[in-house]
Every structure is written in C-alpha cells, then in structure tokens.
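Structure incoming, see below.
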Amino acid sequence: MDESLKKELETTFRNVLVSLPEDDRMVVAASEETVLSILSFLKNKGYDHLELISCVDWIEEKKFELVYILTSYSEKEMRKHIILKTKISREKSEFKTAISVFENAEPYERELHELFGINFKGHPKLTHLFLERDYKIPPFRKDFDTREYVKEVFDKIPFVEDKK
Amino acid sequence: MKEKSEVKKGSVLKPFKAIKYLFEKPGTLRYPFEQKEPSPRYRGFHLNDWDKCTGCGNCADICPNQAITMVEIPEIKPKTGEKNERPKIDYGRCCFCGLCVDICPPGSLRLSRDYLHIHFDPGTFTLLAKDEKTDKEHFLPEEKYSIFQASLAHRKTDNEGFVSDLKYSLFEPERVPMPEVPPEKRVLSFMEQVLGYSREEAKKEALRCLECKLCEDACPAHLKISEYIKAIYEDKPDESLRKIFEDNPIPAICGRICMAHCEKACSLGKRGEPVAIRWLKRYASDMVEDYKKALGVKPAKSTGKKVAVIGAGPGGLSVAYFLRLKGHEITVFDSLPGGGGMMRIGPPLYRLPIESIDKDVNYIASLGVKFKFNTTVGKDILFEDIYKNYDAIYLGIGTTVSRSTRVKNSDKAYPALLFLKENKIGKGVKVGREVIVIGGGNVAMDVAREALRLQHIQYPGEKVVTKTVSLEDWDIMPATKEEIEDAKAEGVQFNPGWGPKEIKVEDGKVKGLLCMKVKSVFDEQGRFNPTFYEDKEMFLEGDMVIEAIGQAPDFSFIPKELFDKLEFTPRRKVKVDENGKTSLPKVFAGGDIVNLNLDAVTAIADAKRAAEGIDLYLKGKLK
Amino acid sequence: MSQERELELYFGPQHLGMVGNFSITLKVEGDKILEASANPGWLHRGFEKLMEYRTWIQNFPMVCRINVVEPDSMEMVYAMAVEKLAGIEVPERANYIRTIVLELARLVSHLFGCWAYANMLGFDTVAQWAMYHRDLILDLFEELTGARVYHIYIWPGGVRRDLPEGFKDKVLNTLHTIGSCIPDYDSAFFNNRLFYERAKNIGKITREEAKRLGATGQILRATGVKYDIRKIEPYAVYDRVDFEVPTREDGDAYSRIWIVRDEMIQSVHIIMQCFEKMPRGEVYNKVPNPFKWRIPEGETYVRVESSRGELGLYLVSNGEDKPYRVHFRTPSYPHGLVILEKLLKNASIADVGNIMISLYVTAPEIDR
Amino acid sequence: MDRTSIKKWFKAPDKMGHKYSLWAVYFCTGCGIIEVPPVITSRWDAERFGVIPVATPRQANLFLITGYVSLKTLKAIIRTYELMPDPKYTVGFGSCPINGGMYWDSYNTIKHLDKYIPVDGWISGCMPRPEAIFIAVTHLWTMIDKGMATGYIKYREKYRYYRQNQEKLFGKLEWPPLYPMEDKNG
C-alpha cells in the first residue's frame, strides 16, 4: 500500500521525493507548483484529515518550508501521517491557499500569515489573528529576536513612581 | 453504555434526590480555621543549605526563566574549589518547576512546602535562599508560625518539600568506569595499569561535565577544563588539545600523573564521582598522533634573545614551550639522558611510560627548543658560564636528593629516588624478599608497588612481602586515596602510625626495622614535628629498607657568591616575586623549589608565570 | 433596510457567557446571528518562539503551560516527540504511571468541562459537585507531583519521581468517592429533563461537516465516528488496557456532554487496570546532561488524545541543544476558529455560550 | 467576620462595607483563572470571605489579574479597570505580572503590570494556591483598614503617567482619558 502510493505519487507528479522514514510516516517533498494538486490527490486517496499546516524558517537557505500533515479519518488500515513539504522563497513569501481543498486550512494559513508573514493568495481573511500590533519582522521568523525586542519595548517603559 | 444511541429524556423530579446532600458533611474546607498541609513533595519556595552549597551556579544556568542570580556573599570564606556565591531567587520569574533542585550537584538547593507570600511591594519578591540551620530569624518554629505571618520573610522550620534525589537528578553521578588491568595481573609486570578511554567512553564521560568551571579555579595552572571537555564531547580531540596547550604543554604526562586538584573541586564529586578530568586530558593527547599537525602552532619571529632553562622537568619544559612560542631562543640543560626531569625517573612505568614523556618532549623540541641532555650543570657546564652567556635563566631544578631518616644504620637503606631511577632508566635493582618502605606519600606508594612488581618478577611463584611504615595514620596519610587503594589491592601491607627507630643489621645484612609508636605528627602550630612513645616498639622483619620520606633540592651547582644572594622564604623555598623572578638578577625560578604543592601542574603554573615574566624582562619592561 | 438592522456585537473577553479569555465578534440581526468571527489571541505568548530559545530540558516547565486545563497531555506529547527524535527508551512502569496521570488529567479536564457546562445551563448544584470532585483529584496530583496545576511530571525517559507510598489506595479511594456520586450526577444532570431541553439540538453538526472542518475528539465522536488516537495510534500503555470509545449519533451539545460523561467512566476503568497491571521497577531513564544534550537532526509529528481531541506536535531539530521549530496542533484550534464560527451562524445569541462550552474550546490552547 | 470589629463598623462604615464584600470582576485574564473556580465553589468557598464573581465591572471592586497579561488583554484590562467604580482594588496573581515570570522574553506579554495600572497586592506562586488567594484577601482587608490600598487614588493622581505608559505601548488609545491629563501639581 505504501509502496504503491509512493510509486503513484512519483509517477503522477514531477519533482516529487517520497521517503518512508518510519512505519507510520511518509514524507513527501514536492515543488511549489504541485503542492495543491498533491493535496487534492491525497484527499481523494482517503487522506481527508488535514491535521496541521506548519512552516519552518530555514533562514540560511533563505527558504520557508511549508509543511502539511495529513492523515485519514477512515477506520481502514491507512492511518499513516503524510508530511507534505515544500520550500518557498523567503523573500517573496507568497503561496496559494489550500482552502479550496481543505476548508480547515483557513486558520492555519491565517496564523502563518501573521507569524511568518506568508501571503496566501486567495485567502479570504488575512487579518490579524493573535497579535494586537504589526511587527516590523513577523515574530516567528528566525531573524526576529524576541529577547532584543523585549529589551527595546517593555524594558524602556518607566515605572510610575510612588512619591508625589 | 448499552443505551448509547437511544436518548432518555429523563425525569424532572429525580434531581430532587440531590437534597440529601443537605444532610451530609459539607465538603468545604473552612480555611483558614481548617488548614490543609501541602503534600510532602510540594514545590514551594527555595531552601538552600549554605554549608553544602558550592556556589557552582548550575541552578542559575538551568533556570528557564533566568530567575536565579548568583550573589557574592563576602562573609563566606570559600574552601578550595568553591565560590562564595549563593543563589538568589526572583519570585517574579520563578515557575516552581524544580529544575534547579534536580541539577544541584551537592543537593543543597531544595524546595520547601512554604508557598505564601503576599505583598503590596513587588520588590519584596526576591529571596536569598538560606536554610534554617544557618538562618534562624526567618524560620519560625511551629508554635510561632501562623499563616498570616507566612511570607518570604517568615517561614516554617523543617518544612522541606521537593528535594533532590540522585536517582532522578539531571546529572549522572557515576563515572564511566576506567578500563584497568586487574591487580593480580598487573603486579606481575610493568604494563600500564590504566588503559585509557575509548572514543565512546570518553564522549560519555565528557557529557557528564556541567560546565560550572569550579575546576578551573582549583587548577593551579587554570586550564580551560570545561572547554576542552566540551571539545571532547563534540568529538574534536584536536580542538581539545589546542585548548589544553594554551596552558599546559605536557598533556600526555599530566594526563597520567597529575594530582588532579580539579577533580577534588568538581561539583559532581560532592555526592557522586567527579568527572574524570585527568583521564579525559590523557584521552585528548592519546587520540592525537601528531601534535604538530593538529595544533598548527608556529613560534613567533625570532627575537634573538637567549634563555637558558636548567632542568627539563614539567616546569622547564613549559617555560621552554611558552617562551619559544614568543620567539626566544631556548636551551634546556638536564643531567638525565632525556626530558621529563622527575617525571622521567619518578613515576613507575606502569603509571607513566617513557613513550608518553617523549611524545611531549619531542613536540617541544620540534618547535626549535634546544635540549642539552646528559649535561649536569656545575659539572659538564658551569653555572657561571650560563649566567654570562644567556639573557635570562630559569631554574626548574626540582628536588633531586632523597632525604634520609638518619636513624641508626640508615646508610644501609636504599634512597627512594635512586631506586626509582635505577628501575626506570637504569640497570635495575635486585630487591629482597621482604621489602620495607618508610614513608606514606605518593613516592612511597610508587616505591612499594614497584618493589612488589620487581619481587614478583625476580622471585616468580615465591612468597614475597612489601610493607610500608608511615608516621601518619590513615586519615592524614599524604598519598592520594586512589594510590592507597591500588596499593592495597595489589597486596602492599600498611603499618600506619609507626616511626622508624633503627635498622637492624646483622653481618652487614639488613634484618629488619625497629619501629616506635607515633604520639603526634604535627605540633600545635601545625608544623611537622613528630613525637613518639619511646617504649612502644614493633619489629618488622625485612631484608631491604627503602626510604621514601621526601626530597630536597640540590643547589651545589650555584657558585657561593651567587648563592649567597639568593633569598629564601622561612619554609626554605626560593623566594620569587609575582613574575617568578628571584633575587638574583635575570634568574627566574619555579616548581618544587618555589611552591609547597610539589606537583607537576603547580610547576606548570609557576612556569607560565615565569614565562610571562621572562618575556617582559627580555622586552625590557621589567627591571 | 436590512443593513440598518444589522449590528456588530462583541462577545467577550469580559463576559459572563465566556469561559476563558476569548472573544467572538457577532454580526446579529435581532437575536439571530448572521455571522460570527472568532477573535483569539488574548492569551498569545508566542510559546513556539520562546521554546526555540530554550534548551530541550528547559522547555519542560514551559510546555505544560500551553493549556492550563489539561497540562499533562502537553507534557506527554512533547516527551514523546523528544523521545522519538533522541531515541530514548521509557521503562515499562513509567508508561503505566504516565497512563494513570493522563487519565487523571482527563478526569480533571472533563470535570472542569462539566462545571463550565452545568454552570452555563444553570445547574449550579452539579457545577459545585464537579468542581469539588475535581479538587479531590488535584489533591492527588499534588501528592504525586508536588503541584496542583502545573505538574511538570512526565519527562523524556519516564516520569520525574516514582509514585509515593500509598498512592494507589488514595487514588482508588478518591475514584470511589467520585464514582459513588455518579447516580446523583445522572439524576441531577445527565438524565435531567431540563438538561435535555436545554442542550438537545443545540450546536448540531453533521458527520460530513465535522470531518470536513477537521474536528476531532468529542465533536467528531458525537457524530458517530469512532476516532480516538488512543485506539488508532496507541501510546503509553493504551494498547494493553481494555476500554471503549463512546460514540453518539446526533452531533449536538447533548451528545457531546454525554460522551464526556461516558469517557470519564472509561478513564476510571483505565486507571484501575493500570494499577492492577503495573510492574515494579525503574521509572526513569536518565536523559543526558541538559547543558550538553543535543538531539540529532530530524523532524517528527506525534499526537495524543487529549481531553478535547487530537493534540499533535510537529518538532524539528537541527542537531542543536534547542529545538529549531515547534508547532503544536491543538484540538481547540480548528474547533474554536472554524467549527464555532460555523455553528454560531444562524444560532441565537442566547445559545452562544452554550455552543461554545459544549465544543469544549479552551482559549490558551488556541492562542498558545 | 469577627465580632471584635463591630467597633470598626461604627467608626468607618463605608470601609467596612466594601471591605467585606470584595466583588471580583468576571474576567479570565490568564492561566491563573484555573484556580478561581475551585475558590468560588464548594471546596474552598470564597463567599465566606465575601468574594463573589460578578458579571460586569460596574458592580465590582476587586480585579484579579490572573497571571500573564498579553498586549491584547492589557488593553481590555485597562478598559475594564477604568469602568470599575471607586474604590477598587487590583491583585496580581503569580509570578508573571510581577517580573515577567515564565514569559520574561515573550514579545507579546507585558513584564510589569504596575507600569500600566496600579496594583494593590501581589501573590507569589505559579499557580498560587487557593489558600494564597484567601490570604491575599485578608491582607487586602488589613490594607483597606490601614488605608494602604490606595491604588485607585494613585491612578487618579498619576493618571498622566499611566496613560503615557499605556500609549507608549499601544500608540494612541481609542478611548478618551478617564481623568484630566494635566498634572495638578503643575
């Protein structure tokens, strides 16, 4: 089953690297263009539960790595996590939204937009989610130093003195 | 669960059953009239036993919130290998996780079951954690304590909660066992007793180090121990060796015979075994085949200044190395046929093989240091000539003359140094079947264990005995515990607390040693001044007596007019200033003739100091 | 005309119908909700960022604070991920203790949920009972771990300390006390006609919709899907204990709370079995020195069944002494941000709190 | 609470009035809120101390800042605090509002609560236990008795500085100042 899916993925899509590091994991590294079609392909294969969309900031490579983690709701023998990864340019930081495939991608993408500054094209609601303010560098990027920021912002505010 | 899918609408009256709770005992805890004791493991405010705390600062390092700062307490007089710093906890940061407790090597930091501190001033939320033992005013006894008084300023006595447990600690209290030749096998030959760590073992041992750097303060030469151990953990022996060579150019020697002051300071040693720092140094030097390639250090451009080093012991070698790197021309004089000085003749082969010495010496020679071996200053070359021809002189002559007990017939006894030297680099000694070694120091242990090996080799299969006699009892015996344990395991017999009275001789042959019971070893001022019970005697049979009670330096090579100018301290040590300079112009000194520690690493520390001094002197910055 | 009657209403964070620091912006017409949009972030601390600054061990006191209602499953998921990446074995006894702790935590969390829901529906007596019983279990936690709320007990390589003496009896006693009250709970709450009237057909979600929106936990099980990670991907000793996964078909608030009740009973069964089967022996395999501990490069995704659904952790290590990227997949995240919005649409204002609490949303989990 | 205080009742009836009826505003600001439900329900029963949660800030005179305060919440806290009628008392829970606590390096939580609103008492702990909450309440009584719980007066007098600090953090605030911004003392 794994092997056949692996083969199928590799033949259907170009530039796809499939590895099976553990018994219950499959890691698929795909190129930017094919991600959405792979997502819908996997959804049709029964991987209908999008668990998480995450992002890793590989600052040295100047890439963001988007990570989609899929599994299945069905009770059949296919509860394998599929970790679908793709690297996008850190400078441009733009990607297509996956809402058309998985509806619950919406808050995840909104979070990544806010914390990493990735612009998901076609997302209906890219507004603030958690944060109250705009940060110059989105806070979850590796070049945002939160300790520095704390020193700069919070530590500079003076105490209100007790004496009259 | 059977009625899973069917939905019961339920009745409206049934809930009135709950009225029965009106007549039951209420569950409310009538605090503060009724109090609930926190559990025995409760994680509340900190306690710290100041007597046990070493000030290592591991708690401050592990704290995820940087809630702990180490505060210097001037009142505390730190013991060697300890700091007078104690943790101060900020309860505006602390999350009561107890990581600091689990990492505390001496187990002094604990959490109490006190948790009440309410105040209008946020500045009061810091606590210099202290125990009730040392802090009487802040810990109230049960009868005086009330919850309304409870705060950081007033807490309950004996209210220990979450405490450290070695089984669950975050550090590993036990050492990686060192592979050794078993005692019954090693007495039969002179093979090296300690086999050295393998790569995995060394990494595992290096992993134990908590990087608190107490050892670095304790080491006389202040080696960057935590850094070189970290390099070993990261599998970079080259890097590790580079760090060692910054302060110590003879790691192969030191890695075997160093007195390891660092290990006595190691915070892990408080409740467990210290990190095997010495063996790790040895591992680093053993792993690197070619120092020169690994270190890639080249001497600086030549300055044209000439320095003479008298004595190629640890101090002499180090001075030569450090000065050579600064570009000076170094010549080392030594009466022995090779480098190492006392290291070459003293430590028996099973502890320090000649190859290891030569590895270090050859590297130093390869940097361009000139060695003149088999050259006794004062005999083969005159000190006056050296004094005339060189820009600076370093005296690293050490103590080369064995002291004698001066009891009756003590001329029949064998001096320890001669014994060791003959065996290591000379022709060898014919030992007796029953050897008596006088002394309780490390040299005595070396002599005894070596004699035992020789007996086993010279009289295979026969019954042989080696016994030691020392003034000091077990508790004050100057030899290291390790050495004593090893000697015991090999079968050396001990007679502590006895002093020699007379060596019995019949027909010119040694028959044994007459001993008397020791009353005290030191006088009231703590000076060495043994007294005896004259009437309590013991006779030890033996056909050979070796005296290993200490050594003295030999200054006979220095001409009288110069020697008269050389100043000494009250304890008969050569007096030097903070640059290692003696009272003689352009003469520097270090090692056993200067310090009281009498070991290799202190000699290296002296040498480092003197090397800086000589360099300044040669640059004209020192008068 | 209709535009004028539309009104934007802020629901929370300071609002009686709100449990936790959370807020919803409602667009209402009369008392009908036209559109709801969740407004989280009141508790955002940037955990995942902070964890990148702390070493593997220093993160332990940190993770449990992500969800204050049920900290132990957070510890568990982090411990599992670290163990997986670093290749650390867990002693058998520790696995049993972990299961006990996790189930006790599930009880605590469910009782808290019962309190909130009963309070919301006006069953104050039941709410008081639930909170009282929860407190009894917190006492057990204090006995075991040294703290009432943040236990910091499940560690990589096992658990932090062994069970204290007599702990088993204390647990069984407490469970007996709580268990003997189940008929009262049933008659006063679960089988109460008023409860039925107030919760039935509220916040109804179909099976397909739940799946489409990424629901897990009670919300999915209330629609009849037997989806429980303890069964699918057993961790700790869940493959060695016998328990059922309660499901219901209707997908409304009533079914969800009934599932909570049934799960509590299953939890008690699991705890009993664990105490019976628990072997003697070690409970902790030492982790390496925390100042030098590096975890080999790699990534992993692990998940556990928390009391609200699937709790996952995506953990990336680049071979350093600190994690490179941590991302928690918390169950409340899709529940609170997608499903809540969906269910509130066309509901009436009176039901907002009712629906929200029946979804079991906890704000700190969403915000992180 | 105790009969000996009847004298006090006659002396300062207003003080006694609000001292024994500290009504807490229902606002779950941080994780410390998890210990509030046990406190207000049957096991610990805060009503014995006169502490009950109330629905709106207008009815309340006790504000429990339960734990860490994120930027977004701080805004809500300031608004809620300003809505509460005088006299009002604030209590900071746990480590976080004192000096940042666990989140001392977080970009989204404030480190010192008393820079933005006055705080009358702090409770140590992470979590503070229910007992600590009660002792805090009794401490607050003492402070009210002695006239030390003057946070709200300080807020009025130093409003300019508080408002400045708040605006340093948030930029211009959407609501008008509660008190006149001029410094009375010149």
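All chains are identified by letter, namely A, B, C and D, in their written order; residue positions are counted from 1 within each chain.
In the analysis below, a residue touches a chain if its C-beta (ideal position, glycine included) is under 8 Å from a C-beta of that chain, and two chains touch if they have at least 3 such contacts.
Please read all numbers here as calculations on a predicted model, not as lab measurements.
Of the two chain pairs examined here, A-C and B-C, the one linked by more C-beta pairs in contact is B-C. With each centre defined as the average position of its C-alpha atoms, the distance from chain A to chain C rounds to 24 Å. Centre-to-centre separation of chain A and chain B, using mean CA positions: 53 Å.
Rounded to whole angstrom units, the spacing between the C-alpha centres of chain A and chain D is 40.
Residue numbers of chain A whose C-beta contacts span two or more other chains: 130-132, 139, 144, 146-147. In chain D, the residues that reach two or more other chains under the touch definition are 42-44, 70, 72, 102, 104-108, 112, 114, 126, 129. Shared interface positions of chain B, defined as residues touching 2 or more other chains, are 27, 38, 64, 95-96. The list of touching chain pairs reads A-C, A-D, B-C, B-D, C-D.
Contacts from chain D toward chain B in the complex involve residues 42-45, 48, 92, 95, 98-102, 104, 112, 114, 119-126, 128-132, 134-136, 138-139, 143, 148-149. Of all residues in chain B, only 26-32, 35-36, 38, 45, 64-67, 90-96, 115-120, 122, 125, 147-148, 150, 152 touch chain D in the complex they form. Residues 1, 4-5, 7-12, 14-15, 17-18, 21, 27, 38-43, 61-64, 95-99, 102-103, 111, 161-162, 165, 167-168, 170-172, 206-211, 230, 233 of chain B are the ones that touch chain C when the two sit in their complex. Interface residues of chain C facing chain D in the complex, by the touch rule stated above, are 13-16, 18-21, 41-46, 49-50, 53, 61-62, 65, 68-69, 112, 115, 127-129, 131-132, 134-135, 138, 147-150, 363-364, 367. Interface of chain C with chain A (complex): residues 37, 40-41, 44, 46, 48-50, 53, 211-214, 220, 225-227, 232-233, 299-301, 303, 310, 312, 314, 316, 324-325, 327, 329, 333-334, 337-338, 367.
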